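In order of appearance the chains are A, B, C, D and E, and numbering begins at 1 in each one.
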Amino acid sequence: GSGKKNDSAKGGEKSPTIALFLPESKTTRYEAFDRPLFEAKVKALCPACKILYNNADQDAAKQQSQVESAITQGADVLALDAVDAKAVAPQVNHARQRNIPVIAYDRLITGIDYAYYVSFNNVRVGQMQGQALLDAMNARGTTAKGKIIMLNGAPTDPSSGDYKKGAHSVLDGKVQIGREFDTPDWSPDKAQQETEQAITALGRDNVVGVLSANDGMAGGAIAAMKRAGYKTLPPITGQDAEVGAVQRIITGEQYMTIYLNIRQQAEKSAELAVALGRGQHPAAPTKVNNGSADIPAFLLDPTAVTKDKIQSTIIKDGFYTAAKICTGKIAAACASAGIK
Amino acid sequence: MTLQVSGVSKRYGAVQALDGVDLSVEAGEVVALVGDNGAGKSTLVKVVSGVITPDSGTLEFEGRTVRINRPHDAQALGISTVYQDLALCENLDVVGNLFLGSEERRWSLMRGIRMERRARDLLTSLDVRIRDISAPVAALSGGQRQSVAITRALLGEPRLVILDEPTAALGVEQTAQVLDLVKRLRDRGLAVMVISHNLADVRAVSDRIVVLRLGRNAGDFRTADTSQGAIVAAITGLEDPTWPQ
Amino acid sequence: MASVTRAPDRAEPGAVLRSAGDRLARGDLGPLPVIAGLVVIAIVFGTLNDHFLSAENLTNLALQMAATGTISLGVIMVLLLGEIDLSVGSVSGLSAVLMTIFNVEHGLNPLLSVVAAIAIAAVIGLVHGLMFTKLGMPSFVVTLAGLIGWQGLLLYLLGKEGTINLPFDGAIAKMSDSWLPPVLSWVTAIVIVGVYGGSALVSRRARAAAGLPVQVLTWAVVRIGGLAVVLCVTVAVLNGDRGVPLTLVIFGALVVALDLVLRHTVGGRWIYAVGGNPEAARRAGINVTAVRVTAFVAASSLAAAGGILAASRLVAVNQSSGGSDILLNAIAAAVIGGTSLFGGRGRTYAALLGILVIQSITNGMLLLNVDSSVRFMVTASVLALAVAIDSLARKGRPGAAR
Amino acid sequence: MASVTRAPDRAEPGAVLRSAGDRLARGDLGPLPVIAGLVVIAIVFGTLNDHFLSAENLTNLALQMAATGTISLGVIMVLLLGEIDLSVGSVSGLSAVLMTIFNVEHGLNPLLSVVAAIAIAAVIGLVHGLMFTKLGMPSFVVTLAGLIGWQGLLLYLLGKEGTINLPFDGAIAKMSDSWLPPVLSWVTAIVIVGVYGGSALVSRRARAAAGLPVQVLTWAVVRIGGLAVVLCVTVAVLNGDRGVPLTLVIFGALVVALDLVLRHTVGGRWIYAVGGNPEAARRAGINVTAVRVTAFVAASSLAAAGGILAASRLVAVNQSSGGSDILLNAIAAAVIGGTSLFGGRGRTYAALLGILVIQSITNGMLLLNVDSSVRFMVTASVLALAVAIDSLARKGRPGAAR
Amino acid sequence: MTLQVSGVSKRYGAVQALDGVDLSVEAGEVVALVGDNGAGKSTLVKVVSGVITPDSGTLEFEGRTVRINRPHDAQALGISTVYQDLALCENLDVVGNLFLGSEERRWSLMRGIRMERRARDLLTSLDVRIRDISAPVAALSGGQRQSVAITRALLGEPRLVILDEPTAALGVEQTAQVLDLVKRLRDRGLAVMVISHNLADVRAVSDRIVVLRLGRNAGDFRTADTSQGAIVAAITGLEDPTWPQ
């Protein structure tokens, strides 16, 4: 590390180089929210700080190269959202040997000690999806009247295992899981085909809910169900709070999505990164044991967003403006849902 | 003068395949091009047919200087060639190969029946025997392929026909047919260039014999006035008493 | 003379029945072995799950085929030249995104949006074709760059949106939810059989008139009858559920139209010629560059059409549009259907049969309740099995094993 | 007689200098254009980012090349036959997982684990080879089934675990964190140059003794000098950081060893022959089946070796081991390095040069601070640019454009 | 009897290429196989060389019934063949093609210098002129390729040499060389089978002439006792007064 370079004009405080590593580019959140929010906060706290941004395209080996590059370029702090949070320990170790502090961003890195963990809990995401689905089915009184379809994420994506685990922990024993699929590449059109086949196998009237691990796949499931002639769709879950999904929730096609207050996460991490770069160690509210050490942690709760909560979460946080969501034909539905 | 080649050179890496070669063919004349293996005969044919571009040299066709940059240019001038390596599409059938590049058509639609009829007639008139005309050319015998290639060159209205070793794989009768054909083409006023290692055939059919050796001109003889020995001497480069100095 | 087959004035049954048998003897079994593979697949999955052969599921299958099948058609155009196009997936996704942006964000009318997207894809194909022919770059590298670069553009265009939904009741989404009315579907089937049969008989007449050998009448009748049976069964089954899907009709029409183009137009002939022996084609005066560029343009345009069908089906586009295994499936369908990777051999029906094989396996596997790891292994085995039947049947034929 | 080149008793400088120039004239520029492409890449990224040409970053580059480069070597074996292996990614992942399971879960010693995993991969290659040769299935389909099926097995073996970490200080992980001591690296470089130079001179003598034409001495000296310069620069740069990485040495040794096998052994000659004209090879009495099967075995074994290198570098295996763009990169490296997809043409150095091109672009792009979408587009452009240089240089040479 | 072929048949789809053909060649004998294009000559050669398997028929070699299922089997027996389509690997150079499948080696290592030395000597002795021996065969002229293919067949220790139209593309001198070579092979006690459409050459070099027509035996003549007319008649199937009934 080369922490001792350019001192910024005011206060003689150091302006560290901060490296941000995000895992993939095929979901909106990372480049649409995490990156700009993180960068904006860093710039606000420390205009002279340099930010190295990296996206690993869901490839653990590529992320490893990126960490190496960043260290080559003199990064002073790493904020690392791991592609494979279990396998990234050697890179963290590599950084540690050079006295470069690491923040585990979003996903809990295991097997090694490091500076901070700032995140939503992936397993918790799965639990909330499961719980929301269960609640909706109970409300409709359909829990015992049929089976659900479970659309999990890519079998090659380590975090889909977490979502799956969380969901099962809530659903198992309470509902009948009719069909469960791991969906290669989180591909919405594959999810659509999976749903079609599940409907065929189970019978149209026997499907009472769909647990979809994210919004893209929920879209596929909804297309399949509408085409299969469902008059009213059973509850369908999601994650990521994509614009398209929020719109579907407003029109009643999708039941819920998981909204992660990314702003909070990104800004907290940015603050910590700047502080670490300046040699400070702010206290953390809690610690999380990752199997090897107790990591100081800032744990943010994911939020389950149903139609009635859109206004109070997504809109209120400025994640999206109402105008962005309520385009064209959605406007009417927005109005009746009280979104403005 | 139908074709006038002047000072054509072509080099392939280490090998100077053609070195300032001149050649002319008149309408109503059969010129035989002879020479040892590797003398540059096929290379010259490829230059005239637009298959390769020479490093230097000029071509005149029917009095005008022409640039032949691709086979299409040669065909547009009326130069029709049978290549030594035949150049057939093995995946297409006989009719497909015969009409390749000049399919009978109405707008873009091929007129299959018409082509097949013409193909059968042409093959019959040349006494070509192919038992299954709808099989891909890959299934034909060596001589059958050569017959297809020759037949191909006679479609359309060529002004100059070039035959590179046309009878190499042909049977007795077919060879006679082809030689006869060459004469008929000449009598129709076309210019014909024939390459062959069979000096008897060459002498029987040609008006003039041009010899290449190691990529250069090594003699130009009126067939009627020249002995076989003189030609052999020119081909091999060995002195011959009958050489017309 | 004696051995040149002359046309008998009347078809001699013996002689001409031979010509049908000869084809078989020559190893030219046409689509029969792939169809045998499909039968095996039907039996395997039909036994394992009751729903596999239901009208509902066969309708699903029909819906699931069209998009990738159309992309595969484009791949065939390039494979026929002995080249490859790795960019079709990305181009399909990009075109779908463009179409959606035109339609949803700029409010362009659906038809114009579709046309504009396909036109842009055609320009992309043109660029690929020119890089291949004019710069002499291997098509593998050109289209690999395309695979990466056009996906980059897709992500760039989607930007912060991520997903863009198409209006559910818009024309584009409706396309995937339209069904031929039963009467119309029957009329269409009858017209197709009629036209096919009629043209077979007309050409038979014309051949006889030209003194060319003709097929024995019974053989012609068998073929027409076969087509009639296949069409009627399909129509009857699909009408048993929601009907014949419009997208299947579109895909089928493309297959037939392109087959006619390839076999009956000069351009089609040239594609086969360039694929068989590019140097021979060049010497025949064919503009090989133009043929190649055209094939790449066709590949990209068909990829765009496929991408638009996919978007219509999903009623949305997103960052993974055109991604995942679409590319591999499109190429595999062509190869499984009998298109040679070495050029010059194949027909558009390969796309239809190949995608049927692939999608039946996927479809059948999803009906079963197995882990994804097992699903992958079984998929691989059934795929290998289906193609092995084909390959064994073709073996021993000259030029096999490629 | 006169035109058969006879060996002069002493080398005539004029005559023989020609033979070096002739190669160039024949369009046989060898690796020069690719190297020009690499120079362009170095200039582009060197200008855009100061760190690109630093010792540290070049060391990173060296580390990043070995795994995919080794897989690419295997791909070359199959491409030389004019066939394709789509399964190398999955096989590399599966082998790495097997190796890890043997080592971590069953406590097998590291070397044995590696050997066992490679042996299993060899059997997989054998299966592919036999399906291709004995059943006559297209290699594309066989290895596509492999791509899907072996990944299924990988997922199955990993089960609920997901990721398995290798021991940090175990021999397998250490392999990726071992560096030649500076002295040893210099000694190795000198030995290599010495052996190369010595054998060049010995064979020159032997040719002269046999009365065969020999290269002019200065040309031999230029080549030996060139090698010396390249090696010395590499060693000096890498010693400027952590040293010469062991994995680079392993990869380099594989490249050289396989090149020697291909060019100097009977088996290597047969691979080229089968790739050039399988029927001619068969008629020459070569056991074409054995050659083909061997190539598939080699491809799978090298894929396994590459997978193990990747696992060693990542110090873990997980569900995406062998996935992502490893397959495409491995094939692309071979093609960019000059291996023909049509068989019979290419050398193992293609893997080295090709993976250098790909990894420099990837590495350089990672140094830049841009969105993924832009990164994809720039990557595609630089790739196309680097290969266009190569292609334009080769153009006009007989049999170009393929 | 070196080779005895009995009742060999082979069918390609619609075409019965061979139909119960018999043929024999003795040691120290040159047998010419002649016939029209598509008569089945090359097909018969391929059967004997193991390139294709016949539908029926038996082969005897040096008195023993043999099964020749692949080219390797034929080579193991000492049957060496020059194919009409040459069957060279265009990507390999001349030396590579000459020694293909029987490379000089120590263990697995090829002995390149030794092979090149032998190749140059052999090519020189046959008066083959190739200017750049290290270029891939793709760069050779038609005649040069044929020379390479013929040279190839003479490596090793063959017992039966089969030449399918060996001189089709060769120049005057090379043709003479090859005919001379055929005689020398016979004099060394080998069995030789030559296919050619050049009846003059055939008569000059062969001891016996076997005629095929439409895939069947159509005559077997002692060369010395037979007129050219009789042979032509057998080839074409037209009656000829001199036909020995």
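Keep in mind that, in the parts below, a contact is a pair of C-beta atoms (placed from the backbone, for glycine too) under 8 Å apart; a residue touches a chain by one contact, two chains touch by 3 or more.
Computed from a prediction, not measured in an experiment: that's the story for all the values here.
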| item | value |
| --- | --- |
| Relative orientation of copies subunit B and subunit E, as a Cα rotation angle in degrees, nearest 5 | 180 |
| Label of the chain whose CA centroid is most distant from the centroid of subunit C | E |
| Chain centre separation in whole Å, for subunit E relative to subunit C (CA means) | 46 |
| Distance between chain centroids, defined by C-alpha means - subunit B, subunit E (Å) | 27 |
| Subunit A and subunit E, separation of their C-alpha mean positions in angstrom | 74 |
| Subunit D residues counted as touching two or more neighbouring chains | 3, 19, 22, 26, 155, 371-373, 375, 398 |
| Residues of subunit E touching at least two other chains | 12-14, 38, 128-132, 135, 139 |
| For subunit A, residues contacting two or more additional chains | 25, 155 |
| Subunit D partner contacts - residues on subunit E that touch it in the complex | 49, 51, 70-72, 75, 81, 83, 87-92, 96, 100-103, 105, 108-110, 112-114, 116-117, 120, 123-124, 127-135, 138-139 |
| Interface residues, subunit C side, partner subunit A - complex | 49, 51, 54, 56-57, 60, 63-64, 67, 104, 155, 158-165, 167-168, 176-177, 242, 310, 313-316, 318-320, 323-325, 362-363, 366-367, 369, 371-373 |
| Subunit C contact footprint on subunit D (complex, rising order) | 82, 84, 86, 131-133, 135-138, 140-142, 144-156, 328, 331-332, 335-336, 341-342, 371-381, 383-384, 387-388, 391-392, 394-395, 400-402 |
| Touching residues on subunit D, where the partner in the complex is subunit E | 1, 3-6, 19, 22, 26, 203, 206-207, 210-212, 264-267, 269-270, 272-273, 275-277, 279-287, 344-345, 398-399 |
| Interface residues, subunit A side, partner subunit C - complex | 25-28, 32, 155, 179-182, 184-190, 192-194, 196-198, 200-201, 215-216, 219-220, 222-223, 226-227, 229, 240, 242-245, 247-248, 328-329 |
